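Following are the structures in question.
In what comes next, chain A is part of two complexes: it sits with chain B in the first one and with chain C in the second one.
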Partner chain A sequence: MYVLRRLLQAIPVVLGIVVVVFFMLRLIPGDPAAALLGTHATPEAIQALRDRWGLDEPIWVQFWLFLQQLAQGDTGTSLFYDVSTRTLIASRIPVTVALVALASVFSVLIAVPLATYAAVRKDRLPDHAIRMVPLVGLGMPSFWVGLVLILLFSVQLGWFPVGGWGDTFAEHVYGLILPALTSALGIVPLLVRSLRAGMLEVLEADYVAVARSKGIRESRVLFVHVARNAFVPTLTLLGINIAFLMGATVVVERVFQLNGLGSLMLTAISNRDFPVVQGVTIIFALAVVVITLVTDLVAAATDPRIKLS
Partner chain B sequence: MTIPALKVEGLTVEIARGRESFRAVDDVSYALEPARSIGIVGESGCGKSISLRAIMGLLPDAARVVAGAVAVHGTGLSLEGKGAARQRRGHLAMIFQDPGTALNPVQKVGEQIAETPRLVLGETRGRARERALELLRHVGIADPERRYDSYPYELSGGTRQRVMIAIALASQPKVLLCDEPTTALDVTIQAQILRLLVDLREEMGLSVVFVTHELALVGQLCEDVCVMYASRLVETGPTPAVLERPLHPYTLGLLRSAVDLDEELEAPKPIPGSLPDPARRPSGCPFHPRCFLATPECASTTVTLTGLGDGRASACLHVERLLTEDGRALQEAAAKAAVKPQDPAGTAGGDGRG
Partner chain C sequence: MSAPELATTGSSEQAVALEGFVVRSHPTLRKALRNRSLLTGGAIVGTLVLIAILAPWIARYDPLQQDLAATLQLPSWVHWLGTDELGRDVWSRLVWAARFDLATGFFVVLFPFAFGTLIGTLAGYYGGWIDTVLSRIIDVVMAFPYYVLIITLVFVVGKGIRGIFIAFALADWVTYARTVRSTTLVARRMDWAAAARSGGLSDRRIIVHHILPNTITQAIVYAMSDVVYVILAVVTLGYLGLGIQAPQPDWGSMIFDGQLFMTTRWWLSTIPGLCVVVTGIGLSLVGDGLADVLRPE
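Up next, the complex of A and B:
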């Protein structure tokens, strides 16, 4: 029941995204075809593009055409590469998915132990240090962090490649370590602070005192009573931050010369390749919807109270 | 002389708040005889709950025991350290004030009860489940088989508190510490839970420490009473004697502020002023700013709990007056004299309950 309701709730969100992406192009002041082709475009070229996009049709006909294309997983033909956006995007997805996945793993591996340690050592030196130091990192943009990591680990120490994706699986993973770390460092500070607050709330809860008073081992108190209650807020937080990570890939992929969706997006924007921009935007938005949905479903499976509301 | 079921001696707890620290419990001593119950009464914030947590070894991080000793049936208990709470199994169990927060929200209530027999007493899974069902039945929960698989949010407040009691009983304790076990419940449910506690106590021969802000409850439940004010005990003694003839102005004030349903309904008569901030306790007797007997000496003289015979003790400089004169009459006279020409809002209203 809950699963069904959550799925139904996702439908209007997806529709909203589609509408916004559709109007992204149509709301450009003046003639979008002329705007996209630039000042040197011939009137014939502009008219050709108008025909191709059906810009002379009534707006609802245009929307219907757009939906028809979308139903086939396409947002038109790339103006720059001259292949369908579906083919183009499909070829770039694996890189970005791998990058986001590895960055999520890194942020969990870094943030969860730090937050736990800070919570257990509340108001003592480790706690203050763990809360303060990463804030410095928060002030640094990810392209800069990426460049520093490249300088240190690739140029100076030569441990990792400067960039690129490689050919074998091992090379893929190897090449992704620095970019994933760069992306992860962008969200770790916020993650640590919220996780610490969440854990403290659980650690100081009455039911944890009750569990201790039973006389069971401290490890069981922590793993069964504390961890299970801290898991749901942690998961929700991670879901939100993974969405944020996807945005960060746009910059990170460029810095590390990875041919993923992010760098495709950047290239498409500078080439005014609007169908591609639309396609990537929809993919990113859909990914966020799916990740949120999955986090909510896992949370519901863990916490019996969620199915109520 | 018998060995007390629970003996608390000189218990002193300090709580750190920012850079300063204050005594939340100051030199509290009492002895609970086996199969009897003792009530600890005082306003919210006077330190009564934190004293129970100290005895259970469950103090929050900011608090620590700086002095004192606790013994159960003659066995001393350590008051600090990670293992402190574990050491109490089979000796002490505690019932918390709010069953809404004291039960793990994501674990089935049956499992929360069965945890003790299975992991602490070493029973098998099946046997632990049976034991949990037995306890659910024992605390008056109908259809325990179904309730075993319920989550706390599916239960009413009263049922949750029954589950809490079952958890406490699962470790087969000799002494039960109750921290305002009925405060968070509806009035109709309160009576049922109290009845259950009284029945269980008699049936199982438990010794009970009952912390509350309602003196009337202590009158019904406890043979002995300790009145606590601003982290210290100010009066102790057998409950009937204390209620009949209080020997501390604060006890008199608590009795006067209680709403008596047998009398004609009138406005409650709060003790003037409010409980002092524990970090800024008045000098001398901490109650003197609110006391109708206060004299200048009260602000400068340190008062301690002094034995008066018949098991009674009071920490009042003017206890002689209360022994020789009628305390209630003195109090009424003082209240009349203190009525100001205009103060309809009652700006100095300590509510006496909290």
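Up next, the complex of A and C:
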């Protein structure tokens, strides 16, 4: 029942995303076709684009045209490359998926130990030191962190490539380490702050006190009793922050010259290639909806209490 | 009951005495003056704001003045942080960039703060279909990754300062709305809210005089982090060439310009970034401090 209810909740959000992306064209000041094609465009070319989007028709006809395209998994033909946005986007998905996945892994691998250590050593030096992480980290622009990491690890030490994605699988992973680390550092501050609080709550719970009083080793208490109960909050937290993480990869891809969705979007913006911008935006938003849905369902499967609320 | 009378009828001497009395007795103010986060953060932000305001006197050179005979100079007494690829004084550009970026950050959050608080209050107070509709709209806006939405909106409405204001007005109110909605839901169920309702007060009066004073502190605390997020986004837009437009100095575009000379002039890119980090630390400290001070006992 919970699964069904949660799925139904996602439907209006998906519809809303479609409507928002459709209306983005209307936000362009003046005649969008003329604005996108630039001052050198012939009147015929502008009229052709107006016809394609049905700009001379009533708004609901335009929306219907847009929906018809979307039904084919497309937001139209790129104004710049003359191929369908679907083809363009599909070719860029692997890089971004790999980047987001590796960045999520990194962020958990960094944030969970830090938060746990801070919680266990509450109000002592390690805790105070780790509590500085969100303070300093929140104000660091991702692209700048990327540049500093390139300066340190690629230029000075020569450990990693300056950018690019290579040809083999090993080169892909190798090339993704710095960009994934950069993206991960963007959400680590948020994760550490919430996880530390959550961890403290678990550490003070009765079942932990019971486990300790039974004389179980502290490491076992931590890894079995505490870790298990901290899993669901961590997962939910990652689900909430994944949207922010994905947004950060857009800029990180540009810094590390990775050909993913983010750099596709930024190139499309400099080419004023509106259908591609629309396509990437909608893909990102839908991905967020799906990921949030999946994390919610996994959390519910792990913790039966969620289904009742 | 005697304190207000004293204030209206008392002489200036009494007023001074009263001021001391207020500081000593006003619990929030006393807490604020003792809060280390708030004081440190306030000092950092205050210094930055002062630098931004005094930019014309602190900058030493015109930030736009090019000198193609003196490009990429090393730091010296003449140019404290050297010059950039067009021979412009880096220190002066850094100081003026503080003025543009901080001003943008502080002014941009005003509309989302006000609008988001209003929407959140309406959704939380009235509930029912108003809440359902507003909450779904919030869900939709939140589904877009923050940077994707901001970058796309700025592209659509036009780059530069005007585009930045419109983009954040459309995208940034949702977190305020969501926060205030949940605190309003709690406040509405409190006994004093029920008492105000049964006393026959109008909804508007209950919201303005009873609900908002209890819910707005959360929004104010979030606004401090939000200024950080907005400055980060503005700097990112500047880096991508969509933000504050050249030749006007901005930390983001300075980082972008310096990138080409990273191996020989590393400070051109790293120092503007450090300015952003320091701003972030200052504002986060103020936010943490305010959260402590304003939290009800």
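Definition applied: the second predicted complex is superposed on the first by the 289 of 309 C-alpha atoms of A that agree within 3 Å, B and C clash if a C-alpha of one lies under 4 Å from a C-alpha of the other, contacts with A are read in each partner's own complex, and residues count from 1 in each chain.
As a convention for this text, a residue touches a chain if its C-beta (ideal position, glycine included) is under 8 Å from a C-beta of that chain, and two chains touch if they have at least 3 such contacts.
Model, not experiment: these values are computed from the prediction.
Q: Just chain B (first), just chain C (second), both, or neither: which does A:L102 touch?
A: neither
Q: Under the stated touch criterion, which partner chain does A:R217 make contact with: chain B (first), chain C (second), both, or neither?
A: The first partner, chain B, only.
Q: Tell me which partner A:V252 touches in the superposition: chain B (first), chain C (second), both or neither.
A: It touches nothing on chain B or chain C.
Q: State whether A:A33 touches chain B only (first), chain C only (second), both chains, or neither.
A: So A:A33 meets neither chain B nor chain C here.
Q: Look at A:L149 in the shared chain and tell me whether it touches chain B only, chain C only, both, or neither; answer first, second, both or neither.
A: Neither partner.
Q: Looking at A:V202, would you say it contacts chain B, chain C, both, or neither? Reply first, second, both or neither.
A: neither
Q: Looking at A:F244 after the superposition, I want to know if it touches chain B, chain C, both of them or none. Which is it: first, second, both, neither?
A: So A:F244 only meets chain C here.
Q: By the touch definition at the top of the document, which applies to A:A184: first (chain B), second (chain C), both, or neither?
A: neither
Q: In this superposition, which partner touches a larger number of chain A residues, chain B or chain C?
A: If we count touched residues of chain A for both partners, the winner is C.
Q: Is there a shared patch on chain A that both chain B and chain C touch, and which residues make it up?
A: On chain A, no residue contacts both chain B in one structure and chain C in the other.
Q: Within their complex, state which residues of chain C touch chain A.
A: Touching chain A: residues 136-137, 139-149, 151-153, 155-158, 225, 228, 232, 235-236, 239-242, 252, 255, 259, 262-263, 266, 269-270, 273, 276-281, 283-285, 288 of chain C.
Q: How about chain B: which of its residues touch chain A in the complex?
A: Going through chain B, the ones touching chain A are 53, 56-58, 60-61, 82, 85-86, 88-90, 93-94, 96, 98, 101-107, 115-116, 119-120, 151, 153, 164, 167, 170-171.
Q: What residues of chain A sit close enough to touch chain B in their complex?
A: So the residues of chain A touching chain B come out as 122-123, 204-207, 209-218, 220, 224-225, 228-229, 232, 302-305, 308.
Q: Could you list, by residue number, the parts of chain A that touch chain C in their complex?
A: 12-13, 16-17, 19-20, 24-25, 27-29, 134-136, 138-144, 147-148, 150-151, 155, 243-248, 250-251, 254, 265-266, 269-270, 277, 280-281, 284-285, 288-289, 292
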